[in-house]
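Order as written gives the chain letters A, B, C and D; numbering starts at 1 within each chain.
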Amino acid sequence: MEHRFNPLRFFPTLGPHEPVLRVRDGDSVVTATVDSQGCDHRGESLAPRGNPQTGPFFVEGVEPGDALAVRFVEILPNRTDGYCRSSISPRVVDPEYVPELPAAPLARWHVDSGAGTATLVAPESKLGRLELPLSPMLGCFGVAPRGGQTLSTITAAEHGGNMDYNGFTAGTTAYLPVFEPGALFFLGDGHAAQGDGEIAGTGIEISMDVRFTVSRVRTEAPVRWPRGEDEEWIFTVGNACPLESATRAATTEMLRWLSSDWHLDALGAHLLLGQGVRYDLGHVGGAVSTVVCKVKKSLLPERRQDAS
Amino acid sequence: MEHRFNPLRFFPTLGPHEPVLRVRDGDSVVTATVDSQGCDHRGESLAPRGNPQTGPFFVEGVEPGDALAVRFVEILPNRTDGYCRSSISPRVVDPEYVPELPAAPLARWHVDSGAGTATLVAPESKLGRLELPLSPMLGCFGVAPRGGQTLSTITAAEHGGNMDYNGFTAGTTAYLPVFEPGALFFLGDGHAAQGDGEIAGTGIEISMDVRFTVSRVRTEAPVRWPRGEDEEWIFTVGNACPLESATRAATTEMLRWLSSDWHLDALGAHLLLGQGVRYDLGHVGGAVSTVVCKVKKSLLPERRQDAS
Amino acid sequence: MEHRFNPLRFFPTLGPHEPVLRVRDGDSVVTATVDSQGCDHRGESLAPRGNPQTGPFFVEGVEPGDALAVRFVEILPNRTDGYCRSSISPRVVDPEYVPELPAAPLARWHVDSGAGTATLVAPESKLGRLELPLSPMLGCFGVAPRGGQTLSTITAAEHGGNMDYNGFTAGTTAYLPVFEPGALFFLGDGHAAQGDGEIAGTGIEISMDVRFTVSRVRTEAPVRWPRGEDEEWIFTVGNACPLESATRAATTEMLRWLSSDWHLDALGAHLLLGQGVRYDLGHVGGAVSTVVCKVKKSLLPERRQDAS
Amino acid sequence: MEHRFNPLRFFPTLGPHEPVLRVRDGDSVVTATVDSQGCDHRGESLAPRGNPQTGPFFVEGVEPGDALAVRFVEILPNRTDGYCRSSISPRVVDPEYVPELPAAPLARWHVDSGAGTATLVAPESKLGRLELPLSPMLGCFGVAPRGGQTLSTITAAEHGGNMDYNGFTAGTTAYLPVFEPGALFFLGDGHAAQGDGEIAGTGIEISMDVRFTVSRVRTEAPVRWPRGEDEEWIFTVGNACPLESATRAATTEMLRWLSSDWHLDALGAHLLLGQGVRYDLGHVGGAVSTVVCKVKKSLLPERRQDAS
């Protein structure tokens, strides 16, 4: 079944909030997200700034200990003007460089979904009108966190959150651990494109139309950290500090996933990762950083039929 | 001019050692590296284990404050058997997972340069005979370090060293800051292929035939960290701890490079990196980690004619 | 005015929960805390494990932007049996050492408040019956966090939380930033004594009788991180990751405090800290670590009359 | 036997340099160190800046695998004027605070060894003429590093180096792992007093007269990191990055020391550290940080007669 949900109220946190919609295992939802400052497709402000979230969506029958699979079918900018911070964060440059950081207003981008491009419009600089390929993604999404917590949309943990990983595009399925009945899925913070690490503190921020499908995953081996897959890759996401800890979390999660879902013994999983692993950086420069551990599907043995 | 140098003696450190050969600006060198355990193309042990280095090569006319450009023309495995550690390092998994690490001897790989593949031969595991595409690279190379230091081949710093970045393949040009007269260039630790981060503590280790060209780069703005470029990318390399510091070093170096060699003002450089940067991980799990900051050449404005 | 509050219900999180008691600026509260497993002075279980908190106490007239001063007048173990984990956390030893960690049940301590000692009772080891001086403290306390968040009692941030600093003993006044009307003060996790860093994951855990006084502090310069003072020291508390970031947070907070409350110019504050600072470690080994930046009161110039 | 050695030449690195003096097991040396800028007791410049080192001293009969015990009998400022940096390092404050760092020349201190005080003389600030108690220490000392390396005096590792721990005062015995025949002991970088962490990048820098005694320690269990003891404490020193890694190194070293020299089983050592440990910070803000793990001697069982 497909639900159409037009959000009017948004949350500044992920937590056990009252659901805005109850859906069933396998259902699809067509909805929208406002931009990081709370503005919608008309540029109208619907919420205070800070990655306001659409949701939460309650998925019937999903219980703590399950995982929630969210397939992002469509993530599409629903207007043409995006913005980003002009300067890299003081936390992603050498301390001695901080006094050289340029002070500038938000930069403006023209987003052309038809052409598949984002073009820098302002401010003026020697860079001119840089054109980047569009790659729409969601910077912040997740479920209600562990232990009854309510967490800000500027941080990330096992439940997801502000991971700012530019691999979370349409065509990707995310798997999230479930801590509350119904999972309580939230989404927001759309980026028309984004550099690795979101080092400016923003991507090209824009409101989105989103279509996604949810389903319950029963697993013998628990999902401890967000996972994902697309046509080419499987990946796991560690949200921790420092990046070394995030790397350890993502790598350990991948070892466990390879063991549970691909018949691999520990030795096989280690040999595969040792020479075949790839890492991407999600959010850096905040209190928590995100590291993504990836393996190409073409390197994997056959998947278990009953696995997620 | 092209030199052929057949190494018989190897260094366990990078430092102001007696040069094995003096070459001129623009010269090429054809030489070989032993594997990380010190064995050559016949499997004969020529040096103790620990990334023994070929060199140092003294480049006439290169002085402290210059940069040294090293173009890797050819990096070719010169035998068919490679090896790697079977288990991921205890420093790249969660502490709680450490007792589960598999104990196993070195794994063996069959390296077929003609076919462009490395095939896992032993030990037995459910992974079977995994086949990876060949992507020969040098894990450890660099110049004599800053301040008269002599540094182990297991660490990395401004001078290069054990960066274990799988982007240092044939076709790449590396730029290194120079701290000693003649630069004193070293190379070794060849990998037929390697996962990101060298998380097993090894790539697919093998001896190599290497051809490279050296040239002096005079820069107004100093090169502070290793840089590189290939057909598609320019990149900078931060070797520091934790990964956040390495990210800051690489990012700041890229900002400075964009400013000195591509006419970019600070604002332009920041806007470009903010939405266009990519990061790769080199070595992780040691005392020092390596982060690579990359920008696609297609996004850059015109390069200064007189720049490196 | 002095309130006596006998808690029967406890929170596993710090957040904007319904207050259990409303008090006025300057009032005192006499109450009790259960131990980290939820047991009270009779050993009776009143709450699930995990540093359950007494409170929250609503302080009339205290608003976001103020600071809350909490003077701990008395922190007294209210039973004689305490416990601790026997083994240091795997996150506070070298990864290679993890397989050597001893597996042992909780250790038991006899706590004698009259004699001022805690004596190890079990398990048997070559250490025998170690006797430590009593130094009762609260491991976890704080106010409702920033941004409407609800945070677990195992983490710490600007609002306080699980800092596990053994300097928070009776006679200390803590200053906390206020994010919610009434501040909403929580307390729990009493330790009869505790090593630095709480490296075993526990102190000598025990239930406590606590007497504290609350007052509103209006400050021109905001309190951004927890602060404290006793007879001899003033101190600031950074809760961040890694310890370097916590050190930066605590040090910057101390610079700001010296400036606002002791007439010090930047130069004077820097000179004082540079040669006179002391650091202590609170909690280490979790996602967030705690560093305390201290200055001896005897080194300070005269305090502003109107300052906190 | 007591040697008097008047140094005229100094090293900017610790490494396998030619010894300046050969001494025997048990001998004492009376010598001097220049200040961090290379100036002696008359203020005369004898070496370039950067913690120039007196030594190395070759200790007859000491071999790799042994430990070297160095008892600091006397560390005495040999002039009256000291200096320090005025501003805290940009690496020990929040990135956002960096633009507020005061720019100021070196501060001057009057050091009165008779009175036991250091008094701030310049620059002028609202701090006035701060008076600190004298506590003379050596910021940088150690032996030739592992693996034939030559390391700068601004870093630290297993061999010692720039630890900047204000506990290394007269009356302390340091134990260092030995990597080269004769150990090759260096010393320098005297501080009349120093805040924790050396966060300004200097202590109160001054030249020193030093008297020390060296002796060989044969150990079954290797000394992996610097250790020390004074009347009241035993301690171990981890030099690593980030501080969490340094904490792990120091803690693991203390566990091993308690096991080898105090008859403690693993369980006893863990129980003791868990509730009795204290940590101090040495150098922070550089590439490598120093954490000191301490236990009070009064808490220890009887020492093995044959132990170090």
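Please note the rule applied: contacts are C-beta pairs under 8 Å (C-beta built on N, C-alpha and C of every residue); 3 or more make two chains touch, one makes a residue touch a chain.
Bear in mind that the values here come from a model prediction, so they are computed numbers and not experimental data.
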Reference chain A; chain at largest CA-centroid distance: D
B-D or C-D - the one linked by more C-beta pairs in contact: C-D
Length of the line joining the C-alpha centres of chain B and chain D, rounded to whole Å: 34
Geometric centre distance via CA averages, chain D-chain C, whole Å: 32
Where chain D touches two or more other chains at once, by residue number: 91, 93, 242
Overall pattern in which the protein chains touch one another (line/ring/star/complete/other): complete
Residues of chain A touching chain B in the complex: 84-88, 91-94, 97, 100-102, 104, 107, 118, 120, 123, 125-128, 130, 132, 193-197, 199-200, 202-204, 242-244, 247-249, 251-252, 255, 263-281, 284, 289, 299, 301
Parts of chain B lying in touch with chain C, wherever the complex brings them together: 90-91, 95-96, 98-99, 242
Chain C contact footprint on chain A (complex, rising order): 12-13, 15, 50, 146-152, 240-242, 245, 287-288
